[in-house]
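You will see two complexes here that share chain A, one where it goes with chain B and one where it goes with chain C.
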Partner chain A sequence: MADYFRDLIAIGPELILCGTLLVVLLVDLWRAGRDRASVWWIALIVTFVSCLAMVQIGSLYHQAEAKVDGMALLPEFLALASVYTLVTVCESYYRGRDDWLLGTIVLIGTALAGYRLWDLGVDVFSGLDQETAYWGALIEGDGLAIFLRALGLFTLFFCALFAIFYKPFLKGINRNGVMEWLLCLIGATLGGMFLVQTTNLLFLFLALEMMSLCSYLQAGMLKGDRRSAEAGLKYVLYGSMASAFMLFGFSLLYAFTGELNFPAIREILIGLSADGAIGDAEGLLLWVAILGSLTGFAYKISAVPFHFWTPDVYEGSPTPTTAFLAAGSKAFSFGILIRFVVLLGDVGYGARILELLAWVAALTMTYGNLAALRQSNLKRLFAYSSIAHAGYMLMGIVALFVITKDTTSGQLTAGSLNVDGAKAVLFYLLAYAIMNLGAFGVLIFLANRTGSEEIADIHGMGWKAPMVGGTMIVFLLSLTGVPPTAGFFGKYYLFVAAIQSGYGWLVVVAGLNTVISLVYYFRIAKALFLRGEEEAFVEIQGGKVFSLALLFLALLTIYFGIFAGGATELLQEVGTSLQSR
Partner chain B sequence: MLANILQAVQGSLPGPLSLLTFAPLLGMLVILFLPKAKTEAIKTVAACATFIPLAISIYLYWAYDRGSIGMTAGNMMWTEQVSWIKAFNVEYFVGVDGLSVPILLLSTLLFFIAVFSSWNINKGVKGYFALLMLLEVGTNGCFVALDFFLFYVFWEVMLLPMYFLIGIWGGARREYAAIKFFLYTFFGGVLMLIALVAIYMASGSGDAEPTFNLLKLAEMAKDPNSPLLLGGLDLFGWKFLSWTFWFLFIGFAVKVPIVPLHTWLPDAHVEAPTPISVILAGILLKLGGYGMLRVNFQLGGSMMQEETTIIIIGGIGVVSILYGAFVAMAQTDFKKLVAYSSVSHMGFVLLGVAALNKEGMNGAAVQMFTHGLSSALMFLVVGVIYDRAHHRDMNRMGGIGLLMPRYTGWAMIGVFASLGLPGLAGFIGEILVLIGAFNSTASTSMQIYAVLAACGLVITAGYLLWTVQRVFMGPVTDESFKEFPDLTPRETFTQVPFAILCIIIGVLPFLLLNVFDGSLAHLLTLINPAN
Partner chain C sequence: MDTLTLMFLLIATITIAGSLITLWSKYVVHSVFGLMLALLGVAGFYVLLGADFLAVTQIVVYVGGVLVLYLFGIMLTPPDRAERNVKLIVFCSLPAVAGAMYLIGSARAMEGKWLPGKELPPPPGKHLIHQVGHSFLDKDQYLLAFELASVLLLVVLVGAVYIARRRWEASE
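Entry: the complex of A and B
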């Protein structure tokens, strides 16, 4: 019983998100017709009472055990309860403006989940919580998980915020689709949050599929829009194929070791290679197994050659979904990739795989940047840019191990773990989430006014909305990697990690790629400010809240570009905790 | 009691260098919060925000510890050192020596003048002055930074304002010029970043803490057993010491600019509005030379002792001198001519450094300073005529000497200073560089280079005198020129400081040399211990 509660606390943020999801469902249910109101009320009362009961039990438990903070469980259920209360109050006042309502519920739920996560994070990072395996080692609540879950909640918050302002959601056929969209968004985030804390192949697959399914749905959510339908379909088709490959890889790994848990698999593989039991045939099998598993991740992070879905899906999806795919989905996938590579990178044929990944990284960033040069649609441009950034981040994954080559036999061996690689990727994910969310926010802001997502249609918009235009410049600088922005530090850390592990050539490739990326990022800056200023300086009015959110993101980008020290120290701890594997 | 309070206040104030660097940033923030319509207020704030650094740098120049043993030993004055990012040993470390003090004076003066030169800008005033302030932060920051990372950050901060200042307020081909400038400099910056990371990593091998501290790195580079010379990462089979040196060199050379990395310069100079051309030629080009002296050659001292390096760098210098001069001669656009003359003049800086002796070093530093004065003056001169005629085609000018005598008078000082006439500033730098090159023992090719560079001087005289002939002498070819007013007080105010300084430095060069000398002597011992 005690363990059960301990484990519940560990996934508190996810529970709150589940609660939020339920609330959204319930609100929609109530809205659908008066006759369903009674069902809703019953559901509400039952949940409220059970919440209170849980809170009571939780605090009793904590008083008895005094293990973690006595109030640890309390906020979670208070959160749920307050969300319910809020819904009942708001719904009676804001009928007809329900898009705001649903969005706001998600924002509050997210904020509460974030608060809960903060508590957990304090425990983990202050070293109070030494034992971080939960649910029978299905879940690993370590620093890496805490960090990426926080990043996921951050993304969720801003995607939901953007959805409130996203015009296609506010009118016409999609008006009632917001609810489904929000549910999918929360679902995808939940899946991702579980994904980054699992060390079990089976659970990993389930979490990844939960994230993927919800993402597929999100992508095709714009009813009556052919591009959106295409995006959804394309995403599903490619995704299921990648999942099949991954499952195949997992099954081989299981067949090879008879274990599902990463640490156990690692133990067995190390044992086998120490015994010399991995011959050529077994080695090949293992190679196929790891390669197959990596396919699934490569697809999610849109690494070449699994990137083909990206431009179409990014272009067709509703823009808040695109933002989620770029910032959230990618962060989660990189999180699990770090876990995977840290545990399996230096056993068996890991070194060969990493060597291959280095080439994938170089190809991915070069292809992404070159293809982005020719795009005229902003969302497509950002799709290729996200491919390029995946390439940069892969550089950090590759740098996780120092590869040495035996000059006589040509045998590659992976040396000690270089946690700076993980640190660099994680910092980059943080920076990337902030600047990318900002950039997509600006796209929504502009598209709301111009009705178009083409570069040609935003000429001179910087003069009409100076503040939003200014924030876009900050995001573009950060995406290019010019100091003092978060993106610069991200790139810097990646370079440091790669040079530490001896990948000088990859750093040069990445550096030249950065220069290429400048060309297309500043095509946007050019369109915003260098054109169309001769038109009358009529400033765009309205959108205050939205502009402020964008300004906040821009300031955050600059903040992490000047005071990167705090985040770096935190990530240093995350990296060190990875070392214990 | 009062003394205690004063002391407490003094302790909490930022040091003069921080104030000098960040006063314009404060100005920028104030400007951003001013309403767009209050253009006069915006300009006044900009003038104040650029005056503070100017006043400080005049004080620094005055209070600088000339000829002291400490400065010859490589000391820094007015240092401030605070940890910035602990995890990577990055520090906020600023300080100045004899090399940076005069260049700071030049930089702050240029920005102050640029504000007045920009007074008649009427498009997007708020944005313009905010960006100008940001540009000054980056520029001054580079000249005071003693931490490589900090230096790099300031270096890159300059790019964005420059891009917009050219791209929005520039001439007809401004978009092209702006992105070209950005791309070239950013390319150099990325190479610099890669070298920076590699050097940082190498400096931390063994028990030593890795560091970005330029003074420490320079000391390390002197030690023949240091990891900076022996260790580090090879790139494509290219030795660490060699590739980091050349990566840094390209990074700075783009800014100098050297042939063949100079092609951004004519575009950027021609398309930029006058004040921005002034800043670009007057101070941004000096950053390249300054960076080489402060970073590149100090960290790669042992590379500089190899004859091949000297042959390459000196050769590039001479090629720049001759190529720049010949291309300038072919120009009909007044501004483009001045732009190419910058390429030619900056070649002397490289040649002087390559000489690896005292005369050469001092010549290079003086050349940077005086070229800052004369090129700024020349761009202001071009700006005045462009404001009136709305074209810069020298074939359609003529006889301005009679029509605008005062203007012609100040312009002549610029032309002759640029030409290297004895008694004016340009002469000092060039003659020192030539003496240095002749006396150089670094390579036998240096004497040949000196002869070629001297020939370059003749070409320079040729195109400048021809310019004078085409623009100021002769009959008035265009009737509309007769209605042009002579210099306005504002224009006079912008040109006079440079003209006067050109004369002062030309007559009393020791005012400059005794500041440069000590620190350059130290620099020389770092680069070439044989001296």
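Entry: the complex of A and C
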């Protein structure tokens, strides 16, 4: 029984998100019913009292070394209960004017999940919890998982916050879809959070599909908007194709090794290559297997041969969804990609795959940047920019191993793990999530005013909302990679890692691309501040909290652009822990 | 030729015939029944391989669920008067041919090379379904996956209902 609770604690944040999801659903169901004020009051009192009791007991037991005690689960229950209490309070007091109610519940649930994750993270990073495999080794709660789960919760928080202020969710026919949209957002985040922890092919597929299906739904959720329907359909059709390829790759891997767990697969493959049992035929099979598996991840991060969905889906989806796809979905997929490459990069035909990935990286960033130059729609522009950034980050994945070529036989072999590659990708993911969330937040802010997402329609907006305009400048600078912003250090670490692993040419390509990207990011800045003079800007309702959130993101961008040290030390540790595999 | 080979050939013929009917028949409903033949054939393969649980699942999910869904879909959509485009069908068959060639080629190349690392697992005993059930509910096997699947189904169901629902009236 004891280790049951240990495993439950390990997925505490996810449990809280599940609870939040149910609460959102229940609140919506109840709200649709008749007035039941007395029931609400009783429920309120009961939960409040039990909450107080649990706070008391929980803090007592958490101080005692209670890792294997059932009581150590209390934070999770506590979190659920407080979410429930809050819902009850809000529902009782604010029936009828509750545009922000469901969103707020998600914010609170996310914060609580983050609090649980913090505890878990402290344990992992202080080395308390050495054994990190849970649930029959389906998931691995190591540093990489903790970091990316935290990043996922961060993204979830801001996407839910944006949704509260997103105009189509406030007015018109889509008002009724907010509950469903939030459920799908939480579901996608949950899937992603499990995705970055998993070390099992079967569970990986389940988690990835959970993230994907919920994203497909979110993309198509704007009723009465043809572009949204098109986005949903395109996303699901291309996505299921990519999943099919990935599943085919997994099945080949399983057929070859008879194992589903990454470490076991790795062990068998290493044993086989040591025995010389991997000849040409087996190598080919492995090559197809790994390539097929990578297709699924490449689709999610929109690397170049699998990027066709990106512009349409980014443009058609509700903007908070677009922000999630760009910041959350991409971070999760890169997380599992790191795990996958770290485990299989230096066995079998891994070296060949890595060499291929280097070309994919170069193509991806170049294509993304060149295509972004010609866009007039802001969301499409950011879609292409996100393709380009996927290319930069792939550079870090490629840099995970040093490839050496045997001059006589032309055989490629992957050397030791270069943890700086992982560190660079993770830091870039952090920076990218912050600046991209910020940029999409500004898009929502502006679109609420103008009702359009064309560059031509934001002319002069910077002067009318100076603070938001100013934050946009920060995000744009960071996306370009100009110091002192987080984007600069992100690119710097990526370049360093790539040079360490001997990919000088890739760094040159990336450098040139950065210059190209300056052009289209500057176009946005120009439109904001150097064009058009219209009537005075009228702030939208609730704009204060929204602009403060954007300001916070901008400050965070600058913070990580100056004090990157703390984060990189942590990530260095994450990278080092990957070495044990 | 022993009985097993004969069975295999019979089932293979049924499966391939079913697939061809699905592709080439003039009426959509005939295609659906062709598909049913093909799916039943695949279930037959599973039985031959000793995977009875998989066979039952195949029949319940695909024949019982997916096909009925197709039939409903066909019955509820207005009929398409246009003839089925033969050129398009041939064009669509090309990847299938390429795939089959690839499969045959790789099967020949891989002959006997599956699972080079270990012996094939022993054929499952009598109580395969018991084993499946236990592994679903055993904490050290697939309990977490099982639970996650249930959350997934909940969320996707709610989302799908919203997407499929007619537009809400503005007045609620």
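Quick note on the criterion: the second predicted complex is superposed on the first by the 533 of 581 C-alpha atoms of A that agree within 3 Å, B and C clash if a C-alpha of one lies under 4 Å from a C-alpha of the other, contacts with A are read in each partner's own complex, and residues count from 1 in each chain.
The definition used in the following text is that a contact is a pair of C-beta atoms (placed from the backbone, for glycine too) under 8 Å apart; a residue touches a chain by one contact, two chains touch by 3 or more.
Bear in mind that the values here come from a model prediction, so they are computed numbers and not experimental data.
In the superposition on chain A, A:426 makes contact with neither chain B nor chain C.
By the touch criterion stated above, A:550 is placed in contact with neither chain B nor chain C. In the superposed pair of complexes, A:256 makes contact with chain C only, with no contact to chain B. Contacts of A:442 after superposition: neither chain B nor chain C is touched. More residues of chain A are in touch with C than with the other of chain B and chain C. Counting contacts by the rule stated earlier, no residue of chain A appears in both its interface with chain B and its interface with chain C.
Note for the complex: chain A touches chain C at residues 4, 7, 11, 18, 21, 25, 134-136, 138-139, 172-173, 176-177, 180, 183-184, 186-187, 190-191, 194, 202-203, 206-207, 209-210, 213-214, 217-218, 220-221, 223-224, 232, 255-258, 268, 271-272, 277, 281-282, 284-285, 288. Chain contact summary for the complex, chain B toward chain A: residues 84-88, 123-124, 127, 152-153, 156-157, 159-160, 163-164, 167-168, 174-175, 178-179, 182-183, 186-187, 190-191, 193-194, 197-198, 200-201, 233-236. Across the interface of their complex, chain A is touched by residues 106, 109-110, 113-118, 121, 138-145, 148-149, 151-152, 154-156, 158-163, 167-168, 170, 172 of chain C. Listed in rising order, the residues of chain A touching chain B in the complex are 463, 466, 473, 477, 480, 482-484, 488, 492, 495-496, 499-500, 502, 504-505, 507-508, 511-512, 514-515, 518-519, 522, 525-526, 529-530, 533, 564-565, 568-569, 572.
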